[in-house]
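Chain nomenclature is as follows: A, B, C, D, E, F, G and H, assigned in order of appearance, with residue numbering initiated at 1 for each chain independently.
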Amino acid sequence: MCAEPLALLTGVHFMDGNSAVCEGAIAAGCRFAAGYPITPSTEIMERFASRVPRLGGICIQMEDECASIMACIGAVWGGAKAFTATSGPGFSLMMESIGYAAMTETPLVVVNVQRAGPSTGLPTMPAQADMLQARWGSHGDYRVIALCPNSPQECFDLAIKAFNLAETWRVPVLIMMDEVVAHMSERVVIPTLSEIAVVQRRYTQVRPGEYQPYRPAARGVPEMAPVGKGFFMHVTGLTHDAKGYPAMDPETQDALVRRFTAKIDSNADDIIVYEEEEIADAEVVVVAYGITSRAAAAAVEEARALGIPAGLLRLVTAWPFPEKKVRELSGRVKALIMVELNLGQMFLEMDRCAKGGAQSIFLGHAGGSIHRPEAILMAIQKAAQL
Amino acid sequence: MNSHPSDSYLRTDRLPHLWCPGCGIGATMNSFVEAVKLSGISRKSLAVVSGIGCSGRVAGYLKADSFHTTHGRAIPFATGLALANPGLRVAVYSGEGDLVAIGGNHLLHAARRNVNIMVVCINNFTYGMTGGQLAPTTPIGSITATTPYGSTEMPCNLVNLAASAGAVFVARWTVFHVRQLACTMAEALVRRGFSFIEVLSPCPTLHLQRNNLGHGETEMRYFKEYSRVANNTSPVEAGLDRRDRKIIVGTFVKRERAVFFDSPDSVTLVRKKKVKA
Amino acid sequence: MIPPHTLPARIIISGLGGQGVILAGCILGRAAALYERTAATLTRSFGPAARGSACSAQLILDDTLVHYPYVDKPQVLLALSQQAFEQYAPLLVPGGVLIIDEHLVKPPAALSGISLYAVPATRYAEVLGNRQVANSIVVGFFVAVTGLFARASVERALRESVPPGTMGLNLKAFSCGYSHAIKMYGEHHTFSGRFEGKARAVQGNKQFKNA
Amino acid sequence: MKKKTRYSVRIIAERCKGCMFCVSFCPAGVLGRDGTANARGYPLPCIASAAVCTGCALCQKLCPDFAIFIESNHVR
Amino acid sequence: MCAEPLALLTGVHFMDGNSAVCEGAIAAGCRFAAGYPITPSTEIMERFASRVPRLGGICIQMEDECASIMACIGAVWGGAKAFTATSGPGFSLMMESIGYAAMTETPLVVVNVQRAGPSTGLPTMPAQADMLQARWGSHGDYRVIALCPNSPQECFDLAIKAFNLAETWRVPVLIMMDEVVAHMSERVVIPTLSEIAVVQRRYTQVRPGEYQPYRPAARGVPEMAPVGKGFFMHVTGLTHDAKGYPAMDPETQDALVRRFTAKIDSNADDIIVYEEEEIADAEVVVVAYGITSRAAAAAVEEARALGIPAGLLRLVTAWPFPEKKVRELSGRVKALIMVELNLGQMFLEMDRCAKGGAQSIFLGHAGGSIHRPEAILMAIQKAAQL
Amino acid sequence: MNSHPSDSYLRTDRLPHLWCPGCGIGATMNSFVEAVKLSGISRKSLAVVSGIGCSGRVAGYLKADSFHTTHGRAIPFATGLALANPGLRVAVYSGEGDLVAIGGNHLLHAARRNVNIMVVCINNFTYGMTGGQLAPTTPIGSITATTPYGSTEMPCNLVNLAASAGAVFVARWTVFHVRQLACTMAEALVRRGFSFIEVLSPCPTLHLQRNNLGHGETEMRYFKEYSRVANNTSPVEAGLDRRDRKIIVGTFVKRERAVFFDSPDSVTLVRKKKVKA
Amino acid sequence: MKKKTRYSVRIIAERCKGCMFCVSFCPAGVLGRDGTANARGYPLPCIASAAVCTGCALCQKLCPDFAIFIESNHVR
Amino acid sequence: MIPPHTLPARIIISGLGGQGVILAGCILGRAAALYERTAATLTRSFGPAARGSACSAQLILDDTLVHYPYVDKPQVLLALSQQAFEQYAPLLVPGGVLIIDEHLVKPPAALSGISLYAVPATRYAEVLGNRQVANSIVVGFFVAVTGLFARASVERALRESVPPGTMGLNLKAFSCGYSHAIKMYGEHHTFSGRFEGKARAVQGNKQFKNA
């Protein structure tokens, strides 16, 4: 629920993805952001800085990205919903803290507007080449949830969803945008308060003396306690027991890491969202996400127009990956074509899961521009002839 | 009765703590507990944030909401915590490596912004946790694990750094000055804005032993003998070079300045009340 | 309502940073998306802010959702710099519409298969006392020349898009551009390109069930 | 009946690490070393002259291990 | 070639892995290191700090890991061979600069002594859970070479190899150790000068005016020029053309990123090293690397003793991954068992490549201790019965 | 003849550069070229290292060995470069966001160590490259993209920061002071140790325009009119607050101190000669 | 034969961005604005009174674009 | 040469940080690897430096390369703290050898199936004037009691492993421990456990061909 009436800009807007993700965060009840400017994500923080002080919230520019994400994590433990937005180089600098958030099970949202890399690359041009970094960029085993909006409307919708997922699973949720979605303007419908489902933080009902901050509760997710209420919680990035105290033994380590990875893995079916277009009778399925999925949709439509039985599997959650779905498809279609703005990232995971007879085909480039539907159509045509 | 009067401020189930015999960190924590008592602030509203290091373990022993963060990032964490929850009194407690080496930039900018947190910086002249390497305060000529031929870097004067960055309350004591330290910490606890307290502390295991400076007790005697209390000394003059056999201690800076997010300039738009969760 | 036979309409608006090219695109897109109830997708090529470097916006209007958001073959090109003209004019579809600021762009004498419309927007803006409003002049001119939008829709979008203090001047600039078009090319001049749209649902708001 | 001292010094042996800060800096010389050690092998301070304790609590405040404290007794 | 006689401690030693990797770096001609202490890698820098000043080299402790790796990159461009050593949290902080090194094709060596994570985890205990971070931890597409020694001797040998690979391919080379190998002491034989092959930096023979710093030369690797000699080189993390100048277009981007990834991908056969034990007739093949490969070797020996046709594929280079070899094996064995100290990392790549009939089996835990041979033996026995 | 006398110091094939009309960065580069000429150091031995930002593009236009690094890391890169190759004269050239926000810690520690590099810091009071956000030097009350209601943070006094961190040569000029700037840069080029030169520079596109401060020319007039040359002023007193209508410029600090890796303490073991590749 | 000025002011029009630093700060008022612009549309400075140029080169040193410089001529 | 019938030999050396446990392991490992030409693998459990916390080293000697580097079932246990004794003694193989500092470890009266050897190392070290050399006493005692090493090998390894200034004292300490064993248990006392080794090549130096 949004506390302030000003917060929700209910109505129809013409908005870009960066604005929409910011409005989504506000609609989800986020009132804290700390960030550091970086193209092409900067406008997210700029809009938040302009919007949220009027709602009683806080938006601060920190001295760098390490500080930004840590201030957000601090704010979350202070009771706020918080997020930060960045792009490749800043995302890389946030990796240590993403691991800290995973280890401490901090509900946190991070937006990464992907630009072409590596390094400084093409700061103003799109890519989707941080997808495996999103999954593996911090040291050690952990899990994140990563969402890939493909329109400004979805930037809004998925921002709300991201905060909801973060609160539900106590896990860092990454919104993996791309420069095109970020700067593309379209119609965005912001619903009324009652139409938006917002998951509030669930605090423990247990009394302070009995509270164990890392005792797994429902579905493996421990309950949080409010700060400042005498729970005397201890939070550490060291391997910790149910009390939250450091416990330096392999058994605690294995139990802890298995628990917080399992809470995502074993609930993956509830977390994963994808969209299927014309899948039922498809022989060639294009798999895509983010902006690329729109070029793919155009190509699939054209293929159908040409009589080719093509379909589209659009990933909304990139992580967890819809392994089951891909396995199923690979058992019944001729070819799976992963289209992405990189040299093969989600493709690897698709390829791994495609244990059936379907061929795994990759169609990608190093970013800077998006695929033209014709290129995808050609790939579909070729695959259809396999 | 066998219960220490500070036990209710401690996670006694974790004692004895991991610090070495003769290490001063525990003693600063003892003073901190005294300070909390003196300050009258409720223990419930106290939050302690540490980075990583021997000193960074303080958060794990205090019975407060306590956060053991990552190396160097205690201040940004504390910044978010304090801003999101202005009802808390947030103390950062960590070592000079954590706060001034890897975390130096955050110290600088938090002080400049005058974030409402107090910082206790244990200066033991070395990296204790990792085995005694060069710290930003290691005296010239010292043998450390990474300067086996003696350090050649000018050590950082922490109080001067904090003061020039803009801290509104800056003090230095040694672990020996338990009473003054407790009073100073209590004062910082009740003031608003960015305060910085440096505490010199012996690391017998690594710094003292390697440099033939004796053990904890020896260093405490040194602190006792060579400290000169000189409140209001300009921080740049507040030396502690062993070659001078003089450690200037005291409260050097007390000033008032708009606190981050209290600023009247933005008061109409950036409210001071609690963030709604 | 945007005349359905013209959809999808593919438009490029281009010039130099600082000319308000993106803003012009936003105003038109907004008019379409909010007041013409047409699906509109605006993308921009995005460079270092306002440094006088090349800059463009691409706008696709359709009666259904727009998949691929870029314009390869524009039906309408608005070019506000010589460089923009040179880069994009060759892409225009046969029968496409070219709109230029006549003082900033000098097209070659012969331009075959293209309808050219010129407005001295920068000059007019100077007359109005603020070079910044040249883009509103251009927008007015564009609306009149293409007939793609109801004038009211765009005026409303413009009102919502410019800083309140400059609204009056911008509306005046809009009128000025609009009138210039009427004066030069007559009422409701519509470009000759025919574009066919397909019947699909307009992209709406998506609610995800699992919270 | 013997007159009680005003202050009792309490040592929590399990916590003590034998740093001897308390012994060194007790202004009254109450504490000493007698060679005893705790279970972990750390030498313990001993109470050498309980009677002269002034209750200043310096020992208590200096102790890094929260292993020593002073109780003040009702002097009958 | 080692310039100074003192440099090479020719002879037989009893040394731990951290010492050995340091000696290997010295033997490879490395005379510059910048680092920041972190358990369990600290002794590498400590030893270098004690050894290298006597050899006229430089070892500096920087203020953090971001600075450490950047100082090394600067030193490389200054003409030195340079390396840094760290562990998980520091490795995460180095990610941005690893991308910069990849983009600028800087020959750089980074040692990561893996400890149990995520976050601070178990600082003194082993893991192998930064393996996919090594591959994907920085934003954008790039390539690294990653080596996994399994003994102090190999720490020495592979350190030399790492510098050689870095110079040959102009790519960041990562030595992915683990805490056990780092602190385990064994016999280490340091050969004589003439027995060690050291690849020196090859500078261009082209004259300054004609030199193009990013024009691909042999096998896609551009030639370096010495600094301070009037080449007026320009190095940038932006997408750049052959001159090294920023070129902000998708074509340059694609060509650049494809070139520097292809220089590794298409030369992978020359780069990849692995060891096979009893593979020829094996029905169950254990795949392992680093310390885990030693427990695996013990298990495979025991399995053979029990008459089970087991074999071991030990990865010496984790990246590039021996895709061909795994594909080949998967076509002829019953099962491939990946044993690693994580919850499934290299396993995913093995699983992807195992397109044949072989089952992919994973055996891992979250670190803190290593696998016992019996546990691996059990997995082998189970797999043999498939 | 249509060739500019500085052309041989420039990558003329990249001109015109990307800076806006009225931007001061190009003018500082002009002074820098003059300084190189004045200093007599060979162009071959000059290396220029930039971070990321508008100012960070300087490396890309100078015909020297030039390195455009990552945001905030120019100083560590330069440290490695200078130590590995003592024959080079290494200049770091970047913006205040790059050097003092994200890179502040490196500045601090390089100054403390007295690394042998010179640093030119373009202070344009904002982040130019990313569209005009809050910088550590943005004056209180300024409108920026991230402080739409006005900044409330105390700006950092860069010369004071550099000086208290330990820089041995510290100066401030504005872009208007072309001659003094060139001389000061030349002096820094020939001195050893860590030198720091702040150059105030107009960012008309973002900072000036948004704060109704006119355009580049206006700001240059402001610089001309309100600057007070006061060499040897204590850096802490060297204000530039617009409300005072007074910018203190000049060379504030000149001192000698052991240079990193020149230190006599370690001279026997840590040699000064070139690292062998 | 007409006496030559000692200094020639050269403007590299393609480089100029019209910031007018040169015009504003020329101490001798040599430079002016005449409304001409270069190909990229930037207004160019013009040489209004060449004769009074003192050769101080301030214009040259102030120019952010390396677009103006002074040549000194042999005075016959 | 280490008596081949005793290989592989699995040894645990344990105590508290600061007692020189790891150094003792290094000296023995070095003696084996360099001067007995036996493969030796030493691992250590590694905690915060020298904070008096538990600490152990595990040493495996073999005639061929050691795969798995840890000792689950030691044949020899050297325990220098009560905690170490309690943790590791139960792991000893039947017939295993237990060596303790008799003032630091108090084993229960009945210890079945284990050979116990005790040395008052700390006391002796105090007599020698430096508690730090207790570990050299223990090493000497260990060598004499187990008969696993030639005395000269270990003395050489010890000489190479201790700070030069303390070498004399350490050698004296070594002798002291050695003599104590001879005095108490007789010459060349070898423990009763029998360990069989397999014939494999000793792990050598590996050269990778592709540079």
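Just so we're on the same page, a contact is a pair of C-beta atoms (placed from the backbone, for glycine too) under 8 Å apart; a residue touches a chain by one contact, two chains touch by 3 or more.
These numbers were taken from a predicted model, which means no experiment stands behind them.
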Inset, instruction - Would you kindly count the fewest steps from chain B to chain C, each step being a jump to a chain that touches the current one? - result: 2
Legend entry - A-C or E-F - the one linked by more C-beta pairs in contact: E-F
Inset, instruction - Could you put a whole-Å number on the gap between the CA centroids of chain A and chain F? - result: 39
Inset, instruction - Let me have the rounded angstrom distance from the C-alpha centre of chain C over to the C-alpha centre of chain E, please. - result: 54
Legend entry - chain B-chain H separation of Cα centroids, rounded to whole Å: 43
Inset, instruction - Specify, in ascending order, the residues of chain H that touch 2 or more different other chains. - result: 47-48, 52
Inset, instruction - Identify all positions of chain E at which a residue touches two or more other chains, and write them in rising order. - result: 53, 63-64, 66, 89, 96, 100, 119-120, 124-125, 236-238, 248
Inset, instruction - For chain F, jot down the residues that touch at least 2 other chains. - result: 19-21, 68, 70, 72, 101-102, 104-105, 108-109, 129, 131, 136, 149, 261, 266, 269-270
Legend entry - chain G residues within the chain F interface of the complex: 10, 12, 14-15, 17-21, 24-25, 40, 42, 58, 60-67, 69, 71
Legend entry - chain E residues touching chain F - in the complex, by the definition given at the top: 3, 29, 31-32, 34, 53-54, 56-58, 60, 62-64, 66-68, 70-82, 96-97, 100, 200-201, 227-238, 245-246
Inset, instruction - Provide the residue numbers of chain C that touch chain A in the complex, in ascending order. - result: 26, 29-30, 33-34, 39-48, 66-70, 72, 157, 202-208, 210-211
Legend entry - chain F - residues contacting chain A, complex: 52, 68, 70-72, 101-102, 104, 127, 129-131, 133-134, 136, 145-149
Inset, instruction - Spell out the part of chain B that touches chain F in their complex, as residue ranges. - result: 101-105, 108-109, 112-114, 136, 140-141, 149-150, 152-154, 156, 160-161, 164-166, 236, 257-258, 260-261, 263, 265-266, 269-270
